[in-house]
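As written, the chains take the letters A, B and C, and residue 1 is the first residue of each chain.
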Amino acid sequence: MSALALELSTIGVLMRRALNEILRVPGAAIPGILAPSLFMLGLTGAFGALTELTGFSTESYISFILPVSLMQAAGFAGAATGVNTVRDIELGWFDRLYLAPTPRPALLAGIVLSAGFRALLPMTAVLTIGLLLGAQWPGVSGLLIAVLLALTFSAVSASWTVGLALRFRTQAAAPLMQASMFMAVLFTTSYAPLELLTGWLQTVASINPVTQVVEGVRQGFVEGVSFTGTWPALVVLAVLLGLTFAFALRGLAKTGR
Amino acid sequence: MAAIEVQGLEREFKGGVKAVQGIDLAVGEGEIYAFLGPNGAGKTTTVRMLTTLLRPTGGRALVAGHDVAKEAAAVRRQIGVALQEAALDPLMSGHELMRLQATLHGLPRAEGRRRADALVERVGLGYAKDRRVGTYSGGMRRRLDLGMALVHEPRVLFLDEPTTGLDPSSRAAIWDEVRRLNDEGTTVFLTTQYLEEADQLADRVGIIDDGRMAIEGTPAALKAQVGQPHLDVCLTDGANDHAEGVLARFGEVRPGIEGVHFQVTLAGGAGDIAPVVRALDEAGLAVAQLNLVNPTLDDVFLAETGRHLEGDQDTGEVAALSVESG
Amino acid sequence: MRAELRAIGALGLRSIRNTFRYPRYLGPILVFPTLFLAVNTGGAGGAIDLPGFPEVHGFLDFQLAAGILQASLLAAVMGGTGLALDIELGFTDRLLAAPIRRPTIVLGRLAATFVLGMFAAVWFLAIGFAFGAIVKGGVLGVIFVILFGGLTATAFGGIASAIALKSGTASVVQGMFPLVFVILFVSSAFFPAELMQEPSQTIAHYNPVSLVAAGIRGPVVFGLSASDTLDGLLGLAIIGGLGFVLSAWGLRARLRAS
């Protein structure tokens, strides 16, 4: 088998393995679907009146918040990948991967890309519920851009949390993985446009690169897609993916030292 | 070329803990080498270094001709590993895991499937190959783990305590498979805390204690170093004053309970048992019990370190011969 | 009677010690509600400019009740999880074999939950003060809020204990975690009910948690008032009453199963 074929088939089997948990463990997918869906519905019910504030970009709060729930679904799928990696390390399964002669980047890519698989189900649920409850239809291009950006974010999240898993090698790191994703997604223009955020959150959201991704996912649901609304998100994701993948790869290289 | 060559291998962990303190060993091609030692001696740390899971902090090790630190990927292509914990995914079936392992080792799909089909049968799991591993017993998991270690036909096989926790029949099945592999030319490096396992399987044994090699050699040669077999003789109560004199004809006698219990080293080995019994009978001495005690690797360890190997406190393999007094 | 109180105290102390000895048990009760408080305050803080929003010193002051409620409910779920773990590990059997009254087993756990609820209230009040919130009810108001935090945790703790006793499995109790957020979202914990969207607004009007929220929020935002206090106590009575009935039923079921 050529080197490229080995890498691609390794990525393939690891992605397929990740599907097992969803397909073979009844109820395993439920928490991942429930959390972002409840969040979307709950916030819409509680804070929906915020759209009456001057400067809000839409009259439909569910259209505004649905993209955040998509990002949450993607982010938590990535966090789950990190938690599962810790479990694999504790059970010795990771040694088996490490013993394979496969290049490390391919091993990591297989694990990271599997987060995208995991994210698809909750993202579909959130999208369906949101659209049924009146969220604006983003159009085909808006939908494709939203899904592409969110799935790429799931890879960023997975790289980050796998890096943490390799660093700490214990389930006690799980809350750190979940909390970091929580903050990454919510410390943005998650609840309201930047101008309407108050105090410290306005400052943090203006600095947080994930804000660009949230806005990129949101554009189809509130205004309409454009290149200027998309390219900042793509650039941010490319940089974040590079940095977090390198972080995880470094963790893999340091294993056993 | 040796299959495994180790020179001054060391591993120091954070906090200054030296789990392995400069060991030297060599394992020839096609050999079964048993690495024996008490818990915490450094066996697993050594195996993890030789299988590239842990980087040595000192010394050098070559496995299948490749340096474990500098040519780790080349080492991994040549070795199969079954670790102490059979690290298996409970959600996958045995056959799926075999095919996954084949893919990770670069076997083309058709070849991987063929190897998986053959190996599940070989390790006796053909009937359960499509069942999820979560339903397997401990013995089944170990057999699957062993099969997975063989999927790419490794030159050197590392087995870290392969039969710990298994029942006797499962253990025997693993032993049979190890012998068969070795007959086919695979070098086997085996760690164990079971003396009998090392005795039964190994061409050579290395005993590690507290991170250092205590002693190394063939099982027979090591045991011969600590002495010959001895006979535990227990006589019935009575006038046994002359018993020591009778027994002294056959070897050195160590009296136990006065006039009743004796230990005699058999200069002629087990072949002297019948003459001893005849001599005692002719002297009118009634035997209550007779036990032949062979030296064991634990005796070897005891002689070398002053301590027993953990988990096997019995000194000597006892072949109990109950002889009724006439 | 004194012996029973001592037993309740000993069991309660055991639970509290275990929680504080392992910070990872305290984390979920405090970390996420704190993060949520931060995001809600920063993200929805402009809401105080909405017509119909009550006159408040700051949105953070308004949100403190939500943080305390969330942490108290999570403390209740954690208490139930601990009880379920005791059942799984067989520790409850040890207690049943002891010469203590059966309800003591649950009351001990609830005593610990009460303390955790008060601790959560202290935590959020401290955060509030650190970031500029004030308690209009003064020192007495602070005491009221802390007590309400403890009582809220206890009231919900009865429900969590009932689930633990009936199922005997920690993972079933942990399944309550999402319900905590559902219950809070369809109440006036985060936002005034009059300004919520339907159907959440209607549900909030009937949700006893809204009454409890009023009881906790009142002393902070408006100062001490009999109506807020009575609302809070009524909400606690409804939830606590339900918890009492369910946990008594759960205990009977557990004793039958033992």
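Everything below uses one rule, namely that a contact is a pair of C-beta atoms (placed from the backbone, for glycine too) under 8 Å apart; a residue touches a chain by one contact, two chains touch by 3 or more.
Not measured: the values here are computed from a predicted model.
Between the contact lists of chain A and chain C, the overlap is empty.
In terms of Cα centroid distance from the overall Cα mean, chain A ranks first.
A separation of 31 Å divides the Cα centre of chain A from that of chain C. Chain B and chain C have Cα centroids lying 58 Å from one another.
Between the Cα centres of chain A and chain B there is a gap of 49 Å. Within chain B, no positions touching two or more other chains are listed. Across the assembly, chain A contributes no residue in contact with two or more other chains.
Annotation for chain C: no residues touch two or more other chains. The part of chain C that touches chain A in the complex is made up of residues 24, 27-28, 31-32, 35, 38-47, 49-51, 59, 178, 181-182, 184-186, 190-191, 195-197, 199-201.
Of all residues in chain A, those touching chain B in their complex are 1, 6, 9-10, 12-13, 17, 20-21, 24-25, 91-103, 256-257.
Across the complex, chain A meets chain C through its residues 31, 34-35, 38-39, 41-50, 52-53, 61, 172, 175, 179, 182-183, 186-187, 190-192, 196-202, 204. Within the complex, the chain B residues that touch chain A are 48, 51-55, 73, 76-77, 79, 81, 83, 85-89, 91-92, 99-101, 103-109, 132, 148.
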